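Labels A, B, C and D are assigned to the chains in the order they are written; within every chain, residues are numbered from 1.
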Amino acid sequence: MTEPTTYAYFGPAGTFTEAALRSTSPAEGSVLTPYATVPLALDAVRGGAADLAMVPIENSVEGAVPATLDDLAGGAPLVITAEVLLPVNFALLARRGTSLDDVRRVGTHPHAEAQCRRWLSQTLPGAAYVTASSTAAAAEALATGTAAYDAALSARIAATTYGLEVLADQVGDNPDAVTRFALLSRPVPPPLPTGADRTTLVCYIRHDHPGALMQILEELSVRGVNMTTIVSRPTGERLGHYRFFIDCDGHVDDAPVGEALMGLRRVCAEVRYLGSYRRAGVAPAPAERAQADARFREAQAWLARVREEGAAY
Amino acid sequence: MTEPTTYAYFGPAGTFTEAALRSTSPAEGSVLTPYATVPLALDAVRGGAADLAMVPIENSVEGAVPATLDDLAGGAPLVITAEVLLPVNFALLARRGTSLDDVRRVGTHPHAEAQCRRWLSQTLPGAAYVTASSTAAAAEALATGTAAYDAALSARIAATTYGLEVLADQVGDNPDAVTRFALLSRPVPPPLPTGADRTTLVCYIRHDHPGALMQILEELSVRGVNMTTIVSRPTGERLGHYRFFIDCDGHVDDAPVGEALMGLRRVCAEVRYLGSYRRAGVAPAPAERAQADARFREAQAWLARVREEGAAY
Amino acid sequence: MTEPTTYAYFGPAGTFTEAALRSTSPAEGSVLTPYATVPLALDAVRGGAADLAMVPIENSVEGAVPATLDDLAGGAPLVITAEVLLPVNFALLARRGTSLDDVRRVGTHPHAEAQCRRWLSQTLPGAAYVTASSTAAAAEALATGTAAYDAALSARIAATTYGLEVLADQVGDNPDAVTRFALLSRPVPPPLPTGADRTTLVCYIRHDHPGALMQILEELSVRGVNMTTIVSRPTGERLGHYRFFIDCDGHVDDAPVGEALMGLRRVCAEVRYLGSYRRAGVAPAPAERAQADARFREAQAWLARVREEGAAY
Amino acid sequence: MTEPTTYAYFGPAGTFTEAALRSTSPAEGSVLTPYATVPLALDAVRGGAADLAMVPIENSVEGAVPATLDDLAGGAPLVITAEVLLPVNFALLARRGTSLDDVRRVGTHPHAEAQCRRWLSQTLPGAAYVTASSTAAAAEALATGTAAYDAALSARIAATTYGLEVLADQVGDNPDAVTRFALLSRPVPPPLPTGADRTTLVCYIRHDHPGALMQILEELSVRGVNMTTIVSRPTGERLGHYRFFIDCDGHVDDAPVGEALMGLRRVCAEVRYLGSYRRAGVAPAPAERAQADARFREAQAWLARVREEGAAY
C-alpha cells in the first residue's frame, strides 16, 4: 500500500489557495495541511513534512507574489510540477446581525484591498481598512470576536468555513481577475511534454555588463522560444540589482528550450530552473512542438554529417 | 514675499521618509506634512495642497516600492525632480522597562521585517511578527499603548519622536541597505542637465507583439543609452500583462536620450515620462555628456547638408 | 535659351547602356557621348565635360558592377538621380555569310559570356571564348575585321549599329535577366519623394569592432527602414576589409531614413551618401510613407512637449 | 606504394597560384597540373583527375575572386582543407631589347591592372592597357610573339618561366597587397582543430523575410562566434538576390561553431559548408578554444542534469 500524498498549502483553510489545491482533485486519503506563510508551506516540502505544496505565484491585479518568487529563488531547489488558474471572487463577510450600514472598518489582506478598492470607495466611502495576514485570517478573527473591524473581504467559501454571512458578493473591481497557483515538489524529472507547456526560470544577470538583459532575451528569441512573462525582483545585494523570473512557452525536453537554457547558463551569472509543466487554460499544439523539434533534429543530423564526412548532401 | 514651499511626505513623522526630506535642507519656513500613505502624499501634490512630495521609490532589499510606482503610472502626471539615497538603519524600540528577554511579539512594516529577518530569528527566535502600516506607526502604537506587541522595529529617530528606548541598534541584516526616495512635483520643465542625470519612464509594451520588450531595450542600446534599472509591474488587466519602469542614465535634454524616447514613443503602446533629475551618489561627467551630444549634433549637421546639397564634404 | 543637357554613357554606341539612356527620353538637342570605361564616363561629369552620366550598376546574373561601385566610393562625390531597369537580351552576331556551323570562336564581354554560358555549351560546344572590353566592342571588331573570333555576343541593336547579321536571338540563359543602370550627377538636392524611393549608401565599418556590421543593420531596422541590397567590396587596404554598398527603401527626406542615416554616420568609420531617387518598377505608396513620417513627427512633438512642460498629455 | 598526390591549379605555370601551391611543399613525386580557369581546376578535383586544387579566393585589393566563390557555391561540393597567404609582387616584363620608353601598350589580367594603376599612370602615362586572361598568359603571349602589347604585368617568376626581362619590379600600388589561396578537396572530414582555425560557409537568405541577414549575424554573435569576412554574390535569380560567403573564426568541431551552424541551417534557405581549416598567419590560441568549448560542455552537462533530475546543484 502506497503512502497517501501529503500536501502543504498557503492557509489558513478557506483561502483561494485551498480552493486551487482542491481543484486538482487530490486522491482520497490525501492529507492537506495549511501553513501560515508561503515560506512555511515551501519549507514543509523541502524538509519532507509534505510531498507537495500549493502556493499563489501570480495575480492578474497585484502581479507576481513576491514571497513565493523570493523563496523559490533561494533555499533548497523546488520545481513547479503543475499550475492552476482560479478566478478571484471576493465577498464582504460579517457576523449575523451586521448590515452594510454598520460597517465602519474592513479587514483583509492588502492584495484583496487593492483588488476591491473601487468597490469599497463607492459602497463604503467612509470605512477604514485594517490589514490582515490573509483573507481567511480576516474572516476567522471576525468569527472568533478578536477582530478590530466589522467586516472581512474574503473568498466566498470562508463564509461557510467560519459561519459568517455574505453582505455582498462579487465585489472585486475586475471581474476577470484571476490568480495563478503553482504546485511545488522537491526536484523531480519534469512531466512529459504535452505541446502546451511552460518553463519557469530565475536568471541573474551580470551587472558589470551593460546589455546583459538584452542578451538574455536574445538567447530565447534566436531559438524561437517565446517569453510570456518577465518579472524583476531585487537580489537584496545593491540598489538596482535585480534577478529576473522568466516564463517561456515550451518544455525543457523540447530541443529549442533546451538549447536556449544552455545559452542562458553560459551568459548569466546564475540560472535556476523552476520546472516545466502543463500550461493551464491553453490548448496543446503537439504538431507545432513536433515541427520545431524536427527542425532542430534535422540541423543536428546535418551537422553530424558535415563533421564526419565534410559535407551533407 | 513668496509663499513658503509646502511638502507632503509619506509619514507619520519619524519615518525614514521624513529624514530623506530633511536631508534636502528645505528652506526655513517650509511646511512639512506627513500623509498616511504614498497615494495620499502624491494626491496632495496633484490637488495643490502641497508643492512637492517625498516618497520612497526603491529599496536595495525589497526592491521597487509598488505603491509608489503604481500610483505614478496612473492618475494625473507627476515628475521626479530630485532623488535622495539614505542608508537604512533599523533599531528595536520598546517602552521603558521592557528588556530583550520580555519581547514575545514584534510590530513593524513588512519591508522592515524582511530586512531584519535574520537578526530576528537569531536574537528573538520565538518572537511573533505583527504587521503595522509603517515603522513609525509601529513605534507610535507602542508608545500610546494600543499595540498588540512588545517592541517595534523602526528608524532610530522614532525613539526620540515617541519617547521609546532603544533595545538594539543597527539590526538590519544588510549593513549596506539603502533606500531611494523621490521628490515629486506637478509637471515642470526638468532641472538643467548636470552630466550625472537619470531619466525615469513607464513603458507599456504591445502584448500582441512577441519581442516587444527586446524592441524597447534596442531603442535604448542603439543610441548608446545605458539602462540602469528595469522593474515589471502588472497592469492589472490580464495575467502576464506587465508595464515596465525603466531608469536610464542621461537627461531628456541630452540628444541620445531624446532620440531614444522618441523611438520608445513609436514602438510602445504607451510611454509616460517620470522626470529627468540629478543622480544621487554619482559624480558628474559633463565631458562625456558633451561628447555624446556632439556626436549627435555632428550627424544632424551632416544630414542637413546631405538633404540640402546632395552631399556633405 | 538654356544650354542643351550633355550626357556621358558607358559606350561604345550600341551597348545596353545607350539603350538605358535613351529610355529616359533625353530632350531633343541633348548631346550623348560614349566613354570607353565607367570611370571615364563618371569623370566626365566630375570634370564638367558632361552634366549627367548613365552607367550600369547591378546585373541580376553577375551582381553589382564593381567598376561602378568602386568609382562611386572614391573620387569626388556623385549622386544617383534616377535608375533604369532594362531586360537583358543577347544576340549572336556575325558578318554576312557566316553560319552557326562556322563559329569556332566567340567574342564578348565576360559578363555576357557568363549569362549565355549554358546556351553556348549546348549550341556551340566546341567554341572558344575570347574576351572583349564590351559587347559592343566585340561587334565592332567583328565588323571592322580586326576580331580574332567569328561571332560576337552583343545587344541586338549592335547588329544595326555595325551592320552585322543575327545568327541567334534571345540566347541569354535567364530570360528574366535584367540590368539596373544609374544616372549620376554632381551633388544636387534629391528629387522630391514619391512614396517609391530608394536611397543608396556606402558604409565603412570599424574593423576593430566585432559586430560592426550587425550594428549597421540595427540602425536601419530599429527605424523600420528596409534594406533591399547589401554588397561588399574590398577597401583595398587589407585582406578582409570591406566596405558595404547598401540600398534601402525610402528617401533621405523621409524622417525614418534621415534618422537612420544619422545613426549610421555615428557608428560607421565613414558613410558616403549616393543619392535618393525614384525606384524603377515599383508602384508608389505615398500613404505608407506619410504614415511612417507621421509617427516620427508625432514622437517629435511629444518629446518637445515633455522637454518644455515636463509632461505630455 | 601509395599513389603520388595529383594537384590541379589555376594556371598557366608561372602564376601566383603555382607559387602558392609550391609554398605548401608538395611531396616529391606529386603531379602539378595547370588549368586555364578556376572552374576547370575545380572540376578536375570533382571528376577525380586531381586530388586537390589550389585556386585564388580573395585578394586584398580586388576582394573575393568571383569565379572561385561562384563555382564553390554551385556544382558538386568541395571543401577547403588549407589556405595560403602570398604577398603580391608585380613586375613589368618585356622581351630583350625593349626599354621602358618603348612601352606603348601593356598586357595583363584586369585584377593586376587594378593593382598597378597608380604606378602605370605615373610611369607610363600614355600607355594603353590590353586585357589578358591571366598575368602568366600575358607574359607567355609576349614571349611567343603573339601579343598585341610591348610589356606584361606579371608575377616576377614569369620572367624565368618565359625568358623575359624585368623592366621594373615591385610595381604594385599597395606594397602590403596579399592574395589568399585555398586548397580544395572532395568532401573529407576536416583537419584536427588547432586553436587558430577558420570555417567558410555559403548562406542563402530567405528573401521574403526582411531582417534575414541580421538573423544570420545573430546566430553567430549569440554563440560568440566572430565573423571575419562577409561577401555578397548574386544568386543569378533576380536583381537584389544575393548569397553570402562567410568566414568565421573557429572549427566546425568547436562547440560554439557547431551550434551556430545548426542555427544557420534552421534560419537560412540553404547553407553550404566549405570547410574548416588552419588559418594562415595567425598564432593558435588553444587555451581560448578550450575555454569556449568548456563553457559549452558545462552547459550541456547542466542541462542533462536538469532534464534527468529536475535540478542541477
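Please note the rule applied: contacts are C-beta pairs under 8 Å (C-beta built on N, C-alpha and C of every residue); 3 or more make two chains touch, one makes a residue touch a chain.
If you're wondering where the values come from, they're calculated on a predicted model, not measured in any experiment.
Steps from subunit B to subunit D, taking the shortest chain of touch contacts, total 2. The chains touching subunit C as well as subunit D do not exist; no chain touches both.
Taking the mean of the C-alpha atoms as each chain's centre, subunit A and subunit D sit 57 Å apart.
If you average the Cα atoms of subunit A and of subunit C, the two centres end up 59 Å apart.
Look at where the CA atoms of subunit A average out and do the same for subunit B: the two points lie 27 Å apart.
Among the residues of subunit D, those touching two or more other chains are numbered 218.
Pairs of chains meeting the touch criterion: A-B, A-D, B-C, C-D. Every residue of subunit A that touches subunit B in the complex is listed here, in rising order: 58-64, 66, 85, 131, 133, 174, 176, 178, 180, 210-211, 213-214, 217-218, 221, 226-234, 236-242, 247. Contact residues of subunit C toward subunit B in the complex are 77, 79, 185, 187-190, 218-219, 222-223, 252-253, 258-259, 261-263, 265-266, 273, 275, 295-296, 298-300, 302-303, 306-313.
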